[in-house]
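One chain, chain A, appears in both complexes that follow, with chain B as partner in the first and chain C in the second.
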Partner chain A sequence: MNVLKHILLGSVVICGFASATLAQDKMTVGFSQVGSESGWRAAETAVTRQEAEKRGVDLKFADAQQKQENQIKAIRGFIAQGVDAILLAPVVATGWNDVLAEAKDAEIPVVLLDRGIDAPEDLYLAAVASDQVKEGAVAGKWLVDNVGSKACNVVELEGTVGSSPAINRKKGFDDTVGATSNIKVIASQTGDFTRSKGKEVMESFIKAHNGGKDICALYAHNDDMAVGAIQAIKDAGLKPGTDILVVSIDGVPDIFQAIANGEANATVELTPNMAGPAFDALEAYKKDKTVAQKSIVTESKLFTASDDPKGQYEARKGLGY
Partner chain B sequence: MSPRLWPLAATLSIFLIAYAVCVWQFPNMWSTRVLGNFLTDNAFLGIVAVGMTFVILSGGIDLSVGSVIAFTGVLLAILITRYNVHPLIAFTLALALAAAFGALMGAMIHYMNVPSFIVTLAGMFLARGAASVLTRDSIPINHEFYSTVTSLSYRLPGGGRLSVIGLIMVAVFVVGTILAHRTRFGSYVFALGGNATSANLLGVPAARTTILIYALSSFLAGLSGIVFSLYTSAGYPLAAVGVELDTIAAVVIGGTLLSGGSGFIIGTFVGVMIQGLIQTYIVFDGTLSSWWTKIVIGGLLFVFIVLQRLLVYASKRRWRKTPAIQIGNMPEVA
Partner chain C sequence: MKWIKPQYIAFLIVLLLNFALFRGFFTISIQDGRLFGSLIDVFNRGAPVAILAVGMTAVIATKGVDLSVGAVMAVAGAVAASLIQSGQPLGIVILAALGIGLLCGLWNGFLVAVLDLQPIIATLILMVAGRGIAQLMTEGRIVTFNDPGLIYIGSGALLTIPMPVVIAGVLMVVATLIMRRTALGLFIESIGVNRSASTYAGLRSKTLLIGVYAFCGLCASIAGLIAAADIRGADANNAGLWLELDAILAVVIGGTSLLGGRFSIPLSVLGALIIQGMNTGILLSGFPSEFNLIVKAFVVIVILMVQSPIVGNILTFMRPTPAPTAVPAPGEKTS
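Then we have the complex of A and B:
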């Protein structure tokens, strides 16, 4: 036991010296991720690692496997380790006060990624998230700009009933096209955010509207449903992208392939790069101890055939979508 | 050294060596912060592991504890947030309910002669199902009492904190140690696990002891649920999924014989700390997948199962040499 104690003490002393002599300019950031339950989540993790590497940030990654207790443990671990900042993608909205207060005591700034929490605002530095209403509005605006003044009947594939992206993406789109007199949403049903449901519902839309001849455009709340619907349009003997315009949201690799093939027209990206703006905020905070905005909204960028869809597909396919 | 002590010694050595290696690689792991976190972050696991140690010592298993933790959390959240019940009254209710639930399972195991595995499996589904029926979402608990308790902590030099829930766990281990190794109830538990038939012949009250063991385990699961709700300030029906298995792993790694009759409460403490150490190491490293926790725990379990078999052989050989044995001290009397 004595020998062990000596080894232990010895290693503490040696490592203490070693770490003291290391340069301190490289930022160390701990990232507590929810898990890897969806393709987008996996892409977010991959992009965060890339961003960290690009900026010379030493990223400590902890996957919580969908459990809040694991996230709290990871944050405490990061604090004990003395990281310079913490990124948190919270699994639930409640129960963060104590651990965030501990981080604040230790003067470690915390940035929230893609989901909000029920905690006093002074417990975190900033929150990065997308604006789902704006995503729907950008998709709507693309349609308005492209249809011009001719009449256009739109069918809409909604996300899971009651989910916040489904509600917000519908609102943004409806408000935008509702302002025109020539574009009308003639049918709207849930496709549950899945490819197979998207195909099924589109088949019924086509049947109900004169074999699809009365449909001018499809708006899907996510790319997966659009990809399913494209198949249904092809099966009905119509040309997706020409006979029926296709616009959707997310920016997954498969939709870029469809755009490259001329089978889809536009997608609004839900960027997996939440960490980029977070690192920007942290760097700014490190320099002058303030943040410009508490709530950082990511860009909802529109991609069409003129935005090199092939290149976009190549860049995304390895991210884990 | 008595062969009985081998597993404990092995666990302790593994912990100390592993910790030394961790500190060698990450000097910051040698800090009061990390030590304080070990207690706070593993409080719910440690408390429930004490109850599980009693169950395993008696030769049984309790699969219901994770669900009881979740149910307790949800019950507390509903009582406190929706019905404005004072937390202390809610705690009393929850603990009483948990203990009664455990006693019921114990009675079924004894009187109906059903394996504990089956009865507690039913208990696990029942408690998890009941929690999910009460609510599907995470219910926040915003009571003054909660914020007071969670903000109370003793600051150690170096920034570490001794939290209330960490201290509750330590207290449970102290009481558990006394109960197991210094009381009549404790010796009954060891006797039941050693050999139920000879325990009966020796006059051990099997029915009462069995019921008490499972009541204790569920009571501690309820206490662990309280600690968990303090830890997250919320009740969530999907909380603590799989904790029963982490707990069993901690008990076995802590040197308690899975077939019952031999072990130490303090070994379980070290078993819990080993799990905490692995998780902390993974966070400090920051590049390893968190699933390595499971891989290392799995590997350790294999090692300890082999060690236990060796121990059984060794003690059998010993028994032949020295027939004068004490019930309760032998690892396994086949």
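Then we have the complex of A and C:
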């Protein structure tokens, strides 16, 4: 309790100090993050802090350690502190109605990051998320554009069975590639989004298809599985990136290094910058009380060897991936 | 005919099934000075679980269980990757990784032998906390390394045999010799059958129990080193995840009873190979991923049914020749 008092007192003093010395319109935003279960999540937190600093936003950060009750507590705390806005990366889809209604009563706009929720739309200002089907489609389009009219057998490393990125990224890719007659997915297995399973499954794919000579490309639902598979391709005496094309999704630092080394060909970025568009929406709302879009979809950008993979690797290395 | 164990037949059937699904299953070639083929994959990929199963067999023979081996794998991998990244020499890195595994095992042994906690609860603590420790060490990232010496443990080869297979094989032989050429194996079985009786008979049960758990932790850290070296990185979130269950299953397929007592390390290793044979077969078959678990469960049920003494008795009963009565059924205790 004592610690809490100190923190509260401290923040009151700092807030008072800040508002006295700085311009009146400096925004204070509370950010309730899920936790740090993956490298991407850590990068999202790091980028959100960077964006806040760049825009002169005073960011209050709360890590919920994968628990909804912690997120609800954090949001109530933000409301009590009278923040100007709240960013919420929800851990689950349901159970948000009450606390979001409290925020609405306090006239604090809430923006959702990277996951949607089951709640009436008027309880939040906007939702920023990526389009997973589109990510798969962008990866598929890269392959279609690069293979041309040649016959091409693709092996696919799926994510965890039943998870929404695995289902959606498969659908986007299959729909795009299925429209052509020369590209065929000949094998598809789950690699559980991990490097070790990606490597093990790729080893079997290679053996089952004539020592890998019948495989023209690998599509992996995330970069980690692709990194594992690249090692399996090398162990089989083939050249990843040349003998077997490699395209995957996420944009983690290690895949950029692989692209720089010519061992992978393309990755579709799942941007950790969900906060940028959220801050844009908040600033616009603050200025003239309008919301341009309820659902903001982030760009699914394709990176290849021509997009300075070395520079991308250096830029991402420190983000906590 | 007594020496033909049902596990041999099960392994043979799994291999033949794989051959039926994929004709090139037994084809072996040499690639970069290393044996290369699906059969080699079964041994190579099965090695970490086989190593876990060696330690787990000893623990289960004492009527215990170690749920923390998967988490200890993650911890050992994280220690190795962080140290090698900070420029420590390979010898220190390996010793530290094995040392931390030994320490984890000693902790489990202390809880079980000295504090008398039930093994399933005592090791559950480290199963949860160990992964947390590994995540703290790596900050949730995959810590990658390029040290050729450390990578050699996972993807190198000795006389064309993949290193993980060599390590698992040596460990199996050494552990079996120590257990069977000395009285140690007998002591462990006796603790598993009746701990207090063994203590009254003059066995130092506490010390033995602590030693068995420490050995299991050591095995887990060896498996953790191999898993990290294989992907050239420590993945604290996924390394060894759920492998404790595969290890327990391997021991059970190997015919060691969860109630303690009689055990066999080579048969547990064979159990691990049967599990991996199934996994590799599923990957080669081209079934959709949704079928993986169902196929695996079905094969496990069949294997365990074949080993069940009751099913064995029924089969013997249906045979025309009179059944031998002197041979005890597998799993039955003779103490």
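Note that in this section the second predicted complex is superposed on the first by the 298 of 321 C-alpha atoms of A that agree within 3 Å, B and C clash if a C-alpha of one lies under 4 Å from a C-alpha of the other, contacts with A are read in each partner's own complex, and residues count from 1 in each chain.
Quick note on the criterion: a residue touches a chain if its C-beta (ideal position, glycine included) is under 8 Å from a C-beta of that chain, and two chains touch if they have at least 3 such contacts.
Since we're looking at a predicted model, the values are computed, not measured.
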item	value
Contacts of A:Q65 with chain B and chain C, given as first, second, both or neither	first
Which superposed partner A:G237 touches (first chain B, second chain C, both, neither)	second
Touching both chain B and chain C, residues of chain A	none
Touching residues on chain A, where the partner in the complex is chain C	36-39, 41-42, 158, 161, 187-190, 192, 194-196, 199-201, 203-205, 207-208, 224, 227-228, 231, 235-237, 254, 320-321
Chain A to chain B touching residues, read off their complex	4, 7-8, 11-12, 15-16, 18-19, 30, 58-65, 67-70, 72-74, 76-82, 92-95, 97-98, 101-102, 106, 118
In the complex with chain A, residue positions of chain C that touch it	22, 24, 31-32, 34, 36-38, 41, 45, 139-142, 144, 155, 227, 230-233, 235, 237-239, 279-280, 283-284, 286, 288-290, 292
Chain A-facing residues of chain B, complex	16-17, 19-20, 23-31, 33-34, 37, 40-41, 44, 138-140, 147, 150-151, 159, 161, 228, 231-234, 236, 239-241, 279-280, 282-287, 289-291
